[in-house]
Every structure is written in structure tokens, then in C-alpha cells.
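For reference, chains read A, B, C, D, E and F in written order, and residue numbers begin at 1 within each chain.
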Amino acid sequence: MESKQSETPTRGKLTKHDVGMLGIRSIFNQSAMNYERMQADGWTLAMIPSLKKIYKDDKKGLANAMKSNLQFINTNNYAAPLLMGLEASLEENGEKRSTIDGLRIALFGPLAGIGDAITWFTILPIVAGITASFAKQGSILGPLIFFLVYVAMFFARIPIARLGYTTGTKAISKIRENSAIVSHAASVLGCTVIGGLIATYVQITVKTKIPVTAGHTISIQTQFFDRIFPNILPLGYTFLLYWLLKKKNVSPVMLILVTFILAIVLSWLGVL
Amino acid sequence: MESKQSETPTRGKLTKHDVGMLGIRSIFNQSAMNYERMQADGWTLAMIPSLKKIYKDDKKGLANAMKSNLQFINTNNYAAPLLMGLEASLEENGEKRSTIDGLRIALFGPLAGIGDAITWFTILPIVAGITASFAKQGSILGPLIFFLVYVAMFFARIPIARLGYTTGTKAISKIRENSAIVSHAASVLGCTVIGGLIATYVQITVKTKIPVTAGHTISIQTQFFDRIFPNILPLGYTFLLYWLLKKKNVSPVMLILVTFILAIVLSWLGVL
Amino acid sequence: MESKQSETPTRGKLTKHDVGMLGIRSIFNQSAMNYERMQADGWTLAMIPSLKKIYKDDKKGLANAMKSNLQFINTNNYAAPLLMGLEASLEENGEKRSTIDGLRIALFGPLAGIGDAITWFTILPIVAGITASFAKQGSILGPLIFFLVYVAMFFARIPIARLGYTTGTKAISKIRENSAIVSHAASVLGCTVIGGLIATYVQITVKTKIPVTAGHTISIQTQFFDRIFPNILPLGYTFLLYWLLKKKNVSPVMLILVTFILAIVLSWLGVL
Amino acid sequence: MQVTLMQGLLIGLFAIISGIDFWWEGFYIFRPMIVCTITGLILGNITLGIVAAGLTELAFAGLTPVGGTQPPNPIMAGIMTVVLAYTTGKSPATAIGLALPFSILMQYIILFYYSAFSVLTKKLDTYAEKGGTKRFTNLALLPTWIVGLTYGIIAFLCVYGAQGPMKSLVNAMPVWLSHGFEIAGSILPAVGFGLLLKSMLKARYVPYLLIGFTAACFIKFGNLMPVAIIGVALALIEYNRSKKDAENEKKLKTAMENSNGGDDEDGI
Amino acid sequence: MQVTLMQGLLIGLFAIISGIDFWWEGFYIFRPMIVCTITGLILGNITLGIVAAGLTELAFAGLTPVGGTQPPNPIMAGIMTVVLAYTTGKSPATAIGLALPFSILMQYIILFYYSAFSVLTKKLDTYAEKGGTKRFTNLALLPTWIVGLTYGIIAFLCVYGAQGPMKSLVNAMPVWLSHGFEIAGSILPAVGFGLLLKSMLKARYVPYLLIGFTAACFIKFGNLMPVAIIGVALALIEYNRSKKDAENEKKLKTAMENSNGGDDEDGI
Amino acid sequence: MQVTLMQGLLIGLFAIISGIDFWWEGFYIFRPMIVCTITGLILGNITLGIVAAGLTELAFAGLTPVGGTQPPNPIMAGIMTVVLAYTTGKSPATAIGLALPFSILMQYIILFYYSAFSVLTKKLDTYAEKGGTKRFTNLALLPTWIVGLTYGIIAFLCVYGAQGPMKSLVNAMPVWLSHGFEIAGSILPAVGFGLLLKSMLKARYVPYLLIGFTAACFIKFGNLMPVAIIGVALALIEYNRSKKDAENEKKLKTAMENSNGGDDEDGI
């Protein structure tokens, strides 16, 4: 403890309002989105006022913290304030840089998986499905409810950031100890939902039919692939991409391009 | 061992017949059912002859045992003989009061969950479903089979009590050691089936429809709640009650009353 | 290590080609199939050239190895080359007889379960289902594809044998250590699929209907058994057989005969 | 048709017996399946009784007293369904609805008794402290006799004494009220489950509750067996695991004890 | 139509080849898909053969020899379905039923051989003890040749030699008998699964059996993949867990050994 | 109908605002539900806008930017669906298809920006090293303004400037091409999931991926809740287990340290 005190003699303290504002500022998370390090620049931008208050006159410390925050990150935008609040509390408490950076890096992936499943693939379809029922019949209630839900979602960033912050403050020692366990459980949840996402949101349907006799054809999709396992093509293609990304270091843009070209060519050939 | 011997110098031994009779006497379990301590009075009533035989002239010990048995208990009525048999064997063996009472208290909850799931929610619907097929067509086979099944169920109390007793006798040291494990596994099973019970046996269906345009309405139930998760209202209401019972110490009678009033008011308003 | 060297001073080494041939020879696995020790004789026959090469002039060792291989074994025929390759690598490395035999005996059961599930109950229905669609319309594509798939399956024995062999060679120490873990995981998978197999491939449907009133009957199957649990009779009968095999040491031929007689009698009575 | 005095008395007697059976949950002759049949028998139209038994039993399938709750009373429901069908000539299916108020009346009385019998607990404590088994027995059985008698009287009054007024009262009851009772009946199990959870649910069991709930939502089947079997499987897995853990901990403890520990203050 | 001698001999020859293939489970040309097609080819009506192949293959889909059981024989079923359709002019679908007795006849013969070949084991033991690989090989292959020959003879007799009598025998068979065989076929896999369980099932695997069974009961799909994938997932979870356990135990053991243990008698 | 200059400008303005909202993923006014409604309002036919909103929102339900991918652009799709339905008089359902090329055009532009903005990272590093928060902020916000402006210009041009040519271009586009884009859109999420897996998937998580996949294949439901709840249950089980493991390891470590270890080289 003493050693920490001497290391960071002048760490400032964030108020409840500061942390709330950090939640609001998490909106900047994608302000400079790019393929090199995704949200890293916007992330740092969001953190700046908090870091300034924490490091006060410690210019060196601030610069150091900013640089460390500029590492690759890509997470869900409603999970971001949680992680930002957590990070802020760790910074404030003068945790080691490696602990702070390690925790952020360990958590952004699982949080992306969980957050996407909750926001993009559960809340959005529910809200869209319900409000579209209204809208399709011309009722203004549709867009109105939709708007109100997402305004609420936006302001939820404030309590989410605070949650991250207090979790951090209250439980810094626990978190350091349990970070592996928390990230393990988060990965379990994340991988389960990604499995579900692949089955639900990637759609590949082969149109080709093999003519066997005059007037009779056999559908590759329904009489071949669907008999092996449902959604086997989406699973296979996702794993192909995973393999290319992980083992062959192919860039995502490349894969997007190839997917587009493939889709168009196969559409032209009448296969898809 | 020696210390136990000296403590309980004159413990009597139950015969096979005694234990069977204990099973039969478990019928008294609800004879004085009340909201203060549920089955405790009836439970003790059922245990009396066994306790008397075990404690023989040890008036003090008997009084002590009876008092200890008068603590709150509420379990399934086919699980009761099992627990009674188990308790009898522990008493007989002169186990510590705290062990005996601890085990009874640890097990009655899980056993209630499991027992209810088996008797009320599996056997009863099966037997009722099958015999009603007969009865609805006027065949006496319906009530006859129903009656025979439940006579058999009643006499099953005898072997159930013996099972509890021999488990106890044979495995007292094991049980003391494993009581935590057994109760843990029982709770896993119990909670799983209660989850299922909530989804199956609590039914709340909102009738309200929101008019959107002339002639078109949107159903709150099918187009809102059912799209979020099936049976979400039953789950939510059960958890509300759980929270009131556990954290706010509201009495069950109160909750039953409130539920009734709510149901009638909402029926009057046309919501349910 | 030294002690091993002295024990097996002249162990020969199999070439890649030898192991491939072992895979091909696994075809002999059932060449002398019988109820006393099932595939044991054919298994040994398949292993002979490999054993000869490994034991070279060590006549004693060869005889010993052959005898040990003549113990009861019954496994899936596409899993056999895997196990043979594994065994060959262990023999080559001069592992203790008890390790070799122990591993073979521990693994053949789980591998039978898994292999049967994959080959007999997954690949066969898929291939049969798909090719029958063609054949039923008279297209030669049906038998053709069927034939090609199984020719490929046959030659897959070569890489399967090599896989077993390299797994063994590379990981002998690991395998010795992990054999319990691997066999445990294999049993988990095996038992899961056998559970599925029982529900899918054993079919018992009671035809009896109980007349309740004039013109009305109640079906034992749909209104009784199916209401308790789907496929409850197949499960019960399989467990009865299991119990007879395990606890009463009844021979399988006996059970097959009894099953036949039962089926015919019950067919005659109109029960099945 | 009219119910004769003799029939009324017999039904009252049967109500006492089945009432005690329900109080004790003994032979399940309190279920509509038996109640309706016997009532039909007493009224001289057993076929009507049996048909009503089938219908009423199904209607009351989910209405159970689990966790110390009280559902609409199956005995009064069973008796009155048959009696009303017999006297008014309506179909048994319609009669079930008309019998509901009687069923709910009895439900309230039992609920009242559940609260009332709490007053006996003090006295029973005193007897127990003195080891007075005889007096304990007598007092602990008292509620049973009270309940039985109540059933007899209520049943007789409803069936015989108040045939006319009851009929008009039933007809006067607004739909929303009886519908309200019906709804309450299908929500009430929640109280029982809440009570069970109160005594069982710890944080570590939440996943199993979720699994059971989700399984029941998506497995369509007429009883709880599938969920129960999943529960058994999970419980066995946990049992084996915990046993292994316990063994390891034991070994660990032995190891720690052997290492004659001066620095034990770090151990948990 | 009549089957010529030449055709009969050719079918006999194919029966030898596919019979050995079935005995060895080699190339799966013993499945009706191939047997029917080739028989059709030999009889000069390949289209009939292919159509029969599709139908018979599906009918025999679940009839497998797992766990050392013998199902109704697919080769005789395949041959006779095509031959009977060809000679009697009935549709292949009807012919499948008529072919069943032949199929069951062959099933019995194989069952007999399974028992009979047990007599060879002693001799083989002796050869093995002496390391006599040559004589071992010859003897271990003998059953194969016997089985092959049997197939050839039976097939030829059924197809050519006994066309007339066979036809009348088939027609004389009562429905309950053939239905009985059919039923037996669909129960028989239970023996195989019982044998597998005998060698695999321990108390700790019961939960997985239950999970697999329940999953298969409620997941409607044409093959076992879904259950197998659930099994793979569970096996992987157990594998990772057991590995971790083993590591811990190793550490524990090291710890216990280090604590130079005088009081080791408490350890398990 | 024609779009007036004023209307074109207003739509351009709204495109800037919602474009920035999409870039930031802020208030979700970039979803077709809002975009169509506002566009309808500007064009003076809000009912058309709302109806189109319902249809387009559903059509774009699965098209999300997860994992850093870019789906066909929802803003341009929303604007052009309403505009094309308004100007050509076609039904909104048809107009969705016609609007797709505009949507894909914008998708490409954003994809280009994702690559292009990488050039800023070096400069931002320098600012950060010097702690220059002011300049850092300005530069980090620059992409946002560029993107916003681009939306405004493109939207104005498509809506007002190029009404005629656009119409003919749309009509000239072959079916296979637009179908190809459609297909690509429904495959693209795979890239996002691949990216997520890249950062999360280790061997020990494969079973959970399989369970999630299989569950989603066989549980028919409109959203991911069931799978998510199963995932939560499994995660909680693993959490409790890992915690217990960690405690045991801690104890073990204490034990090992206490046994003042000379032979530590065996420990792992």
C-alpha cells in the first residue's frame, strides 16, 4: 500500500457526476472507428476528462495512460461504459498499468459477444418486431415507442458506467483476484450466444436442384444439407472465416469483399 | 463412541414393524396444519410412539426431542415418512440433537420441491389424465383405477419410511459426512423442477388489446409478452412473491389475499 | 528407460506404409466373429504382420502378444483401425503388456458406442436418406453415390490407423497419464449417444385398445404409455436386457431368441 | 330433480370423511374423480357422477395445495358440480362453473383455519416440554375433527338446506367475479413456488431454476417428467462432482495437517 | 417372368461376394441400395432394381448389427425383393414384405454361425501360444469362406432352385407371423444397446444416458447428429474438468509427499 | 410526384444527423423505423413513411454492424424506400428492393472510411505521447464530421440531384446483381461472428459454442433470449465451479508453501 501511495501521490477522485459524464462520453467510442485498431481512438477520447482529473498535474502519467488506451479494442457500445467505469476506478486507485490494460483486453471480447447478443440480437428484434406491428398499420405508436426505448437505452449509459465504476471501487482486490474467473464465465456466456447467433443470423440457402428424371428434381438444400444438420452451411462458413482470420491473418475487409464477390457470382450462377 | 454410550445409556430399538407404523402415522403430518409452523405439530404427533420407544424412561430426553421437533417444517407428504424414518434412526443411534435437527431442516425444503414435482405435478396429472379418458365416457374404470393408485400410494408410506430408516442406520456416518452433498444435489433437482413448475402451472394471460387503427388491434399478450419470452409474466410474478417472502417477510396469507384481490380487480377491468 | 531397453532389445519399427496396411487389414476384424469372444480372433489376425515386424525374432514375445490380443473385444469397425494403430505404437515402444491390454479394453466399449453412433446411426441414415431420394425415381445416381461414399469410407481406414499410430507415438507418456481421462470423456459421449439411440432405434408400440363403452376404446399406447414419457417401453426393455446381461449373465443369443419369441407371440395375441 | 334429506345427510357424511382425507392428504378420495363418483352414486345417477368426475378432475388438475397454499376446494367443487347438474339438468361442463363459488367458499374457510390453528402452538409447546404425549396427541388432533365437522355442515347446508337461495345466488354472480376467482386459481401456485424457493434458492441454484424454466417453456409435454429427468441428470452430475471435491478437500486437509503448520494464519 | 439358370448362377456369385462383404463389413455393397441394383442389372431390368433399392434401403435403415446382434438379412432381402417383383409382377413395395422370410432365414443361419464358430477359439489359442502365424491366419479366415459359400448356395436355391415352392410357402405364411418378425426386427437393437451399456455404463454415466435419451425424445430430426453434438459438448466439458482435476491431484500429491509424512495413514 | 429543393435539403440535413448517429451508434434514429417516418414527414406523407418504416425495419432486422462489419446501409435504405415509393407510386414493399443499391453504395463508402481513417492513428499516437488532449480531441472527432457531411451530400444527390438518372439506373440493374447483394447481406454477419470468435474462442469454449448453436437450431423462437438464458445458466455454473477451484488452489498453495519445500522441482 505504501509503495502505491508513493508512486501515485496525487491521484484525483472522480465524483458521481464525473462518472455519469463518462457514460455520456462513451458515445464517442466510435468517433474515429477504423480497421487498424477499431474503437481505440474514440475510446481514449471518451476517457480523456476522467484521466485528466485523475492524473491532475502528472503530465507524464496522463500521456502514459492515453497511450495505453490506444491499443486495439472493439466492444459493444453499451458494454463500453461499463468497461470505462471499471477502468476509471482502477486508474483512480493507482493499480498497475499491466493490471488495468490486462483487464480491459481480457474483457472487451466477451463483453462484445454478450453485449451484441443482448442489444443487437435480442432487444433490437423484440423492439423492432413489436413496433413494426404498429407501424405496418400506419400507427405513429410504432416509431414513437421505438424512439423512446432507444432514448432510454442511451441514458442507461450513465448507470452502466456507474455500475462499472462502483464494481471496480468496491471490489478492486476481488476483481484482480477473480478477473480470470469473471472473464472465463463471460466467455462461456459469450460463446454460447455466438453459437446461437450463427444459427440464427447467418443465412445461406443453396438453390441448386439436381434433375434426376424428366420432371423430377432433387434440392441440394432441403434434401442434402438440411438432412445432415440444420444451418450447417452458416456454421461451416463462419468457421472458415474464423480460421482465415485467426490462422491466416486475413483482414476482415478482405473477407467482406470476398463474401460480396462470392455472393454475386453465385447469385449469377443461380447457386444461391 | 464411549461418550455417546454414556450420554444415552438406554436408547431403545425400533422393530421393522415400528418403522412401518411410523410410515402409517406420517398421515398425521398435517393434522394440525397452521401458518405459524405449518406441519410441525402434526410431524411431532406422528413421531411420538417412536420417540417414546427410543427414549424409554428418559422423560427428559423425550421432552427435549418433542420440543425440537416442534420447529417450522413443511414438506411433501410422501417425502415426510422418508425423513421421519431417517430421523428415527438418528435418534435411535443417539446422534447429537444439532445433527438431527440440522439434517431435518436442511432436507425438508429440497424434499418438498422434489416430492411435489413427483406427486402433485407428475403422478397426479398422469393418473388424472389417463383415468379421465375413461371417466369422461362413463366408465367406472376411471374412478376405480384412480382409487387403487392412491391406495397403493398410501401404503407406499411404509416402505418409504423403512427406506429412510435403513439409509440412516446403514449410513449414519456417511450421511453425517455427505449431508451437505446430498442436500446440494437435492437442491439442484428441486430448483430445476420448480423452474419447470413455474412455467407450467402458473398461468397469467393479459387480455388487453391496444386499438391501433379502426378495426385493427394489437394484443399485449401475444404481440408483446410472448415475443419477449414465453411465460415471462408467471416467472416475474413468482419472483416478486419470492422477494416479498424472503426480503420483506410478508406472510403467505397476505400474498394469497393480495393475489385474489388483484385477480378480481384485473378481471373486472378486463385486463386478465 | 534403461529397463525397457533391456527388456525389448530388438523391437522393430513400422513404416508409414506398414501402418496404412494395418488399416487395410482391419477389414479382417470380423473374419472369425463368434459369440465367445466376438472380434478377438479377427483382431489378432489383422495385427499379425505388424506384430511380426515389431517382435522380429522374438518368438516368445510374438506368441505372448498374440495371446493377449485374443481376449474378448467388440468394437465398431471404423474405430478398430484407430485402436489397432494405437496398439501398434505402444507395442513398438515396448510398453508394458498390462498398459497395452488395459488401454485396449478400456477403449473398445466407448469407441463402439461412439463409432456406431457415427457410422451406423448418423452416416448411414444420411447417405441412405439422400441416395434413396434419387433411387426411388430410378436414377442410377442413388446407388452410385452410395457406393462411392462407402469406398471412401473403406479407404479412410488408412488415415484412421495412422491417426491412432501417431497419437500413440507422439503422446505415449500423455496417453498413459490421460488414459483414464480420455476413456472417461469417451464414455460420456458414448452414453449420451446410446441414450439417443435407444429413443430412436428401438421401437415398441402396443396395439391393445381397451373398450370402455360401445364404440369407444382407449389405446394403451397413446393414452397410457405416451402420456407417461415418450419411448418409455424401449427404455424399459433395454434396461431389462442390460440388467439380464450384467447381473444375471444371460447370453446375448438367449436374449435375441427370447425377443423373437416374445415378438411373435405378442404379434399373435395382437398386443404388438 | 330434488335432493332428499337422506341423500343430503349421506353427502354430508361423505364430506366429513373426504374432508379429513384432504386435510391429511391421505387417500386422495378428496379429488373430484372420487368425490363426483360417490356423489353420483348417492344421488342414484352414477353415470352422471363418473362423467362429471372426468371433467372436473381435469379442470382441477393444476389446482394444488403445494407450499401450504389453498386452491379452490376440490371437494365442494366435486359435490356441487354433480348436485347442480342433477337438480338443474344442466350439463356437467356447465355445472363446473356454477359450482365454483361453493368451492371458493370452502377454500376461504380452510385459509381461515390455517391462521386460526396457530393459537394452539403455545399450548402444544407446554405439553411437549412436560413430555405429555397423551394431551399433546389429543390437542394435535383437534383441528382435524373441527375441519371434518365443518365440511359436513357446509356440504349439507349447500346441498340440502339452501338449495333455492344458492341457486339464485349462483345466478346473480357477475361473470367478472367468477372469472376473477378462476384467474386467481391459476395464479395461486406462484405463492407455493415462492415459498419453496424461499427455503431452497441460493445464488448457486439460480442456473438450475433457469434451465428448468426454459426446458419447460420449450418442451411440449403433458407432465413434468422431461424436466424432472433433466433435473435428475444435473443433480447426479453435481453429486458426483461434489463427492470428488469432498474427497480432495479431505486429502488436502490431511496434507495441511501433516505439514505441521506454523503459518496457518494464511489458510481459509 | 422366369429366372434363367445363368441369372441364378450370377446372383449366387454376387451373393458370395456381398455375403463376405457383410461378414467383414467392408464396402457396404451388402446394403439393399447396392444388392437390389446389381440384382436388377443381372435380371436385365436395372430400373426395377434401382427403384427397389431406394425402397428397401429405407425399410432396412434401422436394422443394423450393432453390438453383435443380427438383424433380418439385408442381402437376401435385397435379392428376393427384386426377384419376386420380377417374377410375380408385383410392385417392389409389396415385394419387400414377401422377401422378409428369406431375409429372416439367413439371419438365423448367421446367428447359428456366431455360436458355432466359438469352437475354433481353443485351436486358435494353441496356434497363438506357439506363434504359428501361418496356421492361425488360415484358421481365422475359415469362417469367412464358410459364410460366403453359404450365401451363394442359399441365394441360388431361393432364386432359382425353389422358385415354385418358395412362392407357395410365402403365400402360406400367416400375417401375424411375418408381422412378428417385423416387430422383432424393430426391438432387436435393444440387445445391441444392452451389450454396449454392459461394457460402458457406470453409475456416474447414468446422467448422460438420461440426457441423450431425453434429447432424442424431444428433438425431432432425421439423424442422431443433434444428440451426438450435445454428447461431444458434454464430453469436452468433462474432459477439460477431469484434466484440471488430475493436475490438482498431482500438485496435491507433490505437496503431500513433500510434507514428509509420518501420519500418512489418514490419507486415502 | 416530385421532390422539391426544400424537401431535398431537409432530407440531406436529416441524413447528416442520423448519419452521425449511426457512426456513433447513439440514439438509433438511424434505424429504418425512424428514418422512414421522418422522411415521410418531410415529404408530407407521414402515413406512407410509417408503413414503410414497419416493412423496412423488419427487412433490415438481421443486418447489423457487429464485430466491425458494415451491413447494407439502413439510412439510405430508409430514405430511398420512402422517396421511391413517393415519386414512382410503387408500394413500399417494392420500393425496399429498389432502394437496395443506394443502401449498398453507402455501405461501400463507410467501408472505405474504415480503411482510410487508419491513417490518423500515427498522428493520434504522437498527440497522446505528449498528453495533448485538445489536439487529440479535435483530430479524433474529425472522422465524425467527414462521415456526417458525406451522408448529407450523398442523400441530397440521390434524393434530389439525380432523380432521373437514378430511376433509370435502378431499372437497368439485373436481378441477379441485386439478389447477389441481398444474399451477401444475409451472409455478412458471419464476418462479425468470426471476428468475435477470434478474440474469444479457446479450445475449452468449443462445447459452449456447440450447445448454443444446437439450441438455436432446434428451439423455434423469435429472438435469442432462450439461448442467452441457457448461456447465463452455464456461465453461472462455471463461475461457481471456478471460484471453488480457485479457493482450493489457494489452500493447496498455502499447504505447499508450509511444507517448506526442498523438492519443489516436481510441482507444476
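To be clear about the criterion, a contact is a pair of C-beta atoms (placed from the backbone, for glycine too) under 8 Å apart; a residue touches a chain by one contact, two chains touch by 3 or more.
Since we're looking at a predicted model, the values are computed, not measured.
K.L.:
Could you give the fewest steps needed to travel from chain D to chain E through chains in contact?
P.N.:
Between chain D and chain E, the shortest chain-hopping route counts 1.
K.L.:
Could you run down the chains that neighbour chain A and chain D together?
P.N.:
Touches both chain A and chain D: B, C, E, F.
K.L.:
Between A-C and A-E, name the chain pair that shares the greater number of C-beta pairs in contact.
P.N.:
Pair with the higher count of C-beta contacts: A-C.
K.L.:
Averaging only over C-alpha atoms, locate the centres of chain A and chain B and give their separation in whole Å.
P.N.:
The mean C-alpha positions of chain A and chain B differ by 45 Å.
K.L.:
On a C-alpha centroid basis, what's the spacing between chain B and chain F, in Å?
P.N.:
Distance between chain centres, rounded to whole Å: 51 Å.
K.L.:
Per the centroid of Cα atoms for each chain, what is the distance between chain A and chain F, given in Å?
P.N.:
The separation of the two C-alpha centroids amounts to 11 Å.
K.L.:
So which stretches of chain E touch two or more other chains?
P.N.:
206, 208, 210-211, 213-214, 217-218, 221-223, 225-226, 229-230, 232, 234, 236, 248, 252, 255, 258-259
K.L.:
Two or more other chains touching the same residue: where does that happen in chain B?
P.N.:
126, 129, 133-134, 137-139, 227-230, in rising order.
K.L.:
Got a list of which chains touch which?
P.N.:
A-B, A-C, A-E, A-F, B-C, B-D, B-F, C-D, C-E, D-E, D-F, E-F
K.L.:
Tell me, which parts of chain C touch chain E in their complex?
P.N.:
27-38, 40-42, 44-45, 48, 52, 59-60, 62-63, 66-67, 69-70, 74, 77, 108-110, 112-113, 116-118, 120-122, 124-126, 128-129, 131-140, 142-143, 146-147, 150-151, 153-154, 177-178, 180-182, 184-204, 229-231, 234-235, 237-238, 241-242, 244-246, 252-253, 255-256, 259-260, 262-268, 270, 272
K.L.:
For the complex, which residues does chain A have touching chain C?
P.N.:
Within the complex, chain A touches chain C at residues 210, 212-213, 216, 218, 223-224, 227-228.
K.L.:
What part of chain A is in contact with chain B in the complex they form?
P.N.:
Touching chain B from chain A are residues 126, 129-130, 133-134, 137-139, 141.
K.L.:
Considering only the defined contacts, which chain F positions touch chain A in the complex?
P.N.:
Going through chain F, the ones touching chain A are 23-29, 31, 33-34, 37, 46-47, 50-51, 53-55, 57-58, 61-62, 64, 66-70, 111, 113-118, 120-121, 124-125, 128-131, 133, 136-137, 139-144, 176-177, 179-181, 183-184, 186-202, 205-206, 208-218, 222-225, 227-228, 230-232, 234-236, 238-239, 242-243, 246.
K.L.:
Spell out the residues on chain D that touch chain F in their complex, using ranges where they run on.
P.N.:
Within the complex, chain D contacts chain F at residues 204, 206-208, 210-211, 213-214, 217-218, 245, 248-249, 252, 255-256, 258-259, 261-264, 266-268.
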